[in-house]
Amino acid sequence: MADTGADQLDDTIVSEPLDLVRLSLNERVFVKLKGDREIRGRLHAYDSHCNLVLSDVEETVYIMDDEDEDLKTIQKQSEMLFVRGDAVVLISPPTQS
Amino acid sequence: MENTDPSLLPSIIFTTAAQLVDCVDKKLLVVLRDGRKLIGILRSFDQYANLVLQETIERIIVESMYSDIQRGVYIVRGENVVLVGEIVSFTLFFGSVAFDLLLTYLNLKDPEKENSIPLREVSLDEIYAAQQDEIDNRRRRELTKNSKLIDIGFSIDTQQEDMY
Amino acid sequence: MSNGTAESPFSPSAEKSEISSNNPSAFLSQITGAKVAVKLNSGVEYRGDLQCVDGYMNIALEQTEEYVDGVLKNQYGDVFIRGNNGMLVFCFRFVRKFGRYRRIMILNFLG
Amino acid sequence: MLFFSFFKTLIDEQVIVELKNDMSVRGTLKSVDQFLNIKLDDVSVVDEVKYPHLSAVKNVFIRGSVVRYVHLPGAVVDTALLEDATRKEAASQASKMGGR
Amino acid sequence: MLPLTLLNTSQGHPMLVELKSGETLNGHLVNCDAWMNLTLKEVVQTNSDGTRFFRLPECYVRGNNIKYLRVPDEVLDIAREKNQQQREEQRKSNQPQRGGYNRQYSSSGQRGGYNRNRGGGNFGRGGGQFQRGGRGY
């Protein structure tokens, strides 16, 4: 029951999961990585392994403080970033609330 | 499903083997996924980056201490290799301290590279003890951190984490 | 969605069981559109409407909520979840029956 | 093959390869292969105190599977071209997947 | 002289095999194949933290569990001599060069093993770069 709504053009229908990623090309996306990282950036490339290239990236890294062992976050910026696909858990296109 | 897509043939001029070919008979540092550091002469390799190393020493480094063990000939299985580094050859005869002095003498010293702490050679027993402490508290910290990360919705890689 | 016939927890819902092919991915395409929960083996659970699935067990969900031990942690609109080989994926298909949800657990034998 | 071709266009550029163990290595991209193994020349470790073992190493071969990120110079990347190539690769894969 | 050629030459010699789990096996190599599967005899198995030892008359090791192998230095010298002899025989009987670089390229080697860093054939569609749940490309 692919959604037949407004998108009549063939390439805007999400027929397989990676189409969702394709529809986010040149959009800002949220990517959650295994372990302790999240990144937000403009998506320019992906492949079936989920390798990604993003620009104007902001990476959020969760680190544990040595003394009080509390989780803190640090922000890192990167102008243009290749992300290896095997660590990707989730990609959320811009409609994210 | 095996397909040798003709359009691929010309483009694959860069292969794993081609990248290692100019390291043969050179002194290399090989870092394994379990954190081991091997220094030896590369005698051969194949398309899976399996390596044959001769006159190899295993160097255990903990903070600024290190210790070497003579190991001989290795056949290393490629998938366990993290990185292969070509060593500036005279390091091994001089060890890191002298290497630093030598660089300053030959004024090859990289100005903005603050002088990296020269490594101090220690006995094997000392390094093993220091290594065990390092592993133990790394594991303890990781356990607490992972449980906190899962609490806030992160997915932890449950496979045995690499220690390199 | 499913009529009230007795179903064993692992059998596909009644009105779609006539699709004879027992190929798991064909089976999964039967449940597109249903509300599902995707539980990763790290324990994190993503609930939403299943848009589609592919052979690698990549999953596209709509209106997704992220749960840890039943507690809501995050919300997303559309979400692509990578079918990692390391992540065993359980899909619970919520089947509305007499107004309450019944869980049919579909173990992922593909991953 | 998309990223293999993409990386080949970045040969001789300065990049920073960040490994999954958090170590970052700066160097000149010299070669890449179909598994995205990477060779860097004139390398320097970003945090030399924490990772002293590369102090005497001038070039490295890094296995693709241990890479987390590669930080790239933005100016060199033609993002529009990259997006088109991505759409082509996605289309060709969809047709291949269909054939499975 | 390829790594697997050296492994073949080690047959009958003592060797140490370390597995990915950290366990080590000390024994004499009986047999090996292109996937690095081994059979060893008179084996002493040591657990990963080196606290327990087991004596095994014989054991089989699957190639993809292996981290590395250590062989005596002389085996490398033997392998090299054998390699030289082969080259001389070829030059004398000037057959097309059997060993050497290009042979390594022509055969695509074994089929299985997704976690190996390989292409399907050497020019296949880029092989199991990622271990995607045992699916083939």
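As written, the chain order gives the labels A, B, C, D and E, with residue 1 at the start of each chain.
Going forward, contacts are C-beta pairs under 8 Å (C-beta built on N, C-alpha and C of every residue); 3 or more make two chains touch, one makes a residue touch a chain.
Keep in mind that this is a model prediction, so the values were computed, not measured.
K.L.:
When A-C is set beside A-B, which has more C-beta pairs in contact?
P.N.:
It is A-C, judged by the count of C-beta pairs in contact.
K.L.:
Which chain has its C-alpha centroid at the greatest distance from the C-alpha centroid of subunit E?
P.N.:
C
K.L.:
In whole angstrom, how far does the Cα centroid of subunit C sit from the Cα centroid of subunit D?
P.N.:
Their C-alpha centroids are separated by 35 Å.
K.L.:
What's the distance between the Cα centroids of subunit B and subunit D, rounded to whole Å?
P.N.:
Here the centre of subunit D sits 18 Å away from the centre of subunit B.
K.L.:
Using mean C-alpha positions as chain centres, tell me how far subunit B is from subunit C in Å, no decimals.
P.N.:
Taking the mean C-alpha position of each chain, the two centres sit 42 Å apart.
K.L.:
Residues of subunit D that contact two or more other chains, please.
P.N.:
1, 4, 20, 34-37, 63-65, 97, 100
K.L.:
Could you list which residues of subunit C touch at least two other chains?
P.N.:
40, 54-56, 84, 87
K.L.:
Which residue numbers or ranges of subunit B touch two or more of the other chains?
P.N.:
1, 8, 12, 15-16, 49, 78-79, 152, 154-157
K.L.:
If we count contacts the way the header does, which residues on subunit B are in touch with subunit D in the complex?
P.N.:
Interface residues on subunit B, with respect to subunit D: 1, 8, 11-12, 14-16, 18-20, 23, 29, 31, 33, 37, 49, 59, 61, 64, 78-79, 81-88, 91, 96, 99, 110, 113-114, 116-117, 119, 162, 164.
K.L.:
Hey, which residues of subunit B end up touching subunit E in the complex?
P.N.:
Against subunit E, subunit B makes touches at 1-5, 8-9, 12, 15-17, 32, 34, 43-52, 54, 71-80.
K.L.:
Taking the touch rule as given, give the residues of subunit B at its contact with subunit C in the complex, in rising order.
P.N.:
Against subunit C, the touching part of subunit B is residues 150-159.
K.L.:
In their complex, what parts of subunit B are in touch with subunit A?
P.N.:
141, 144-145, 148-149, 152, 154-157
K.L.:
Mind pulling up the subunit C residues that touch subunit A in the complex?
P.N.:
32-33, 40, 46, 51-54, 56, 58-60, 64, 75-82, 84, 87
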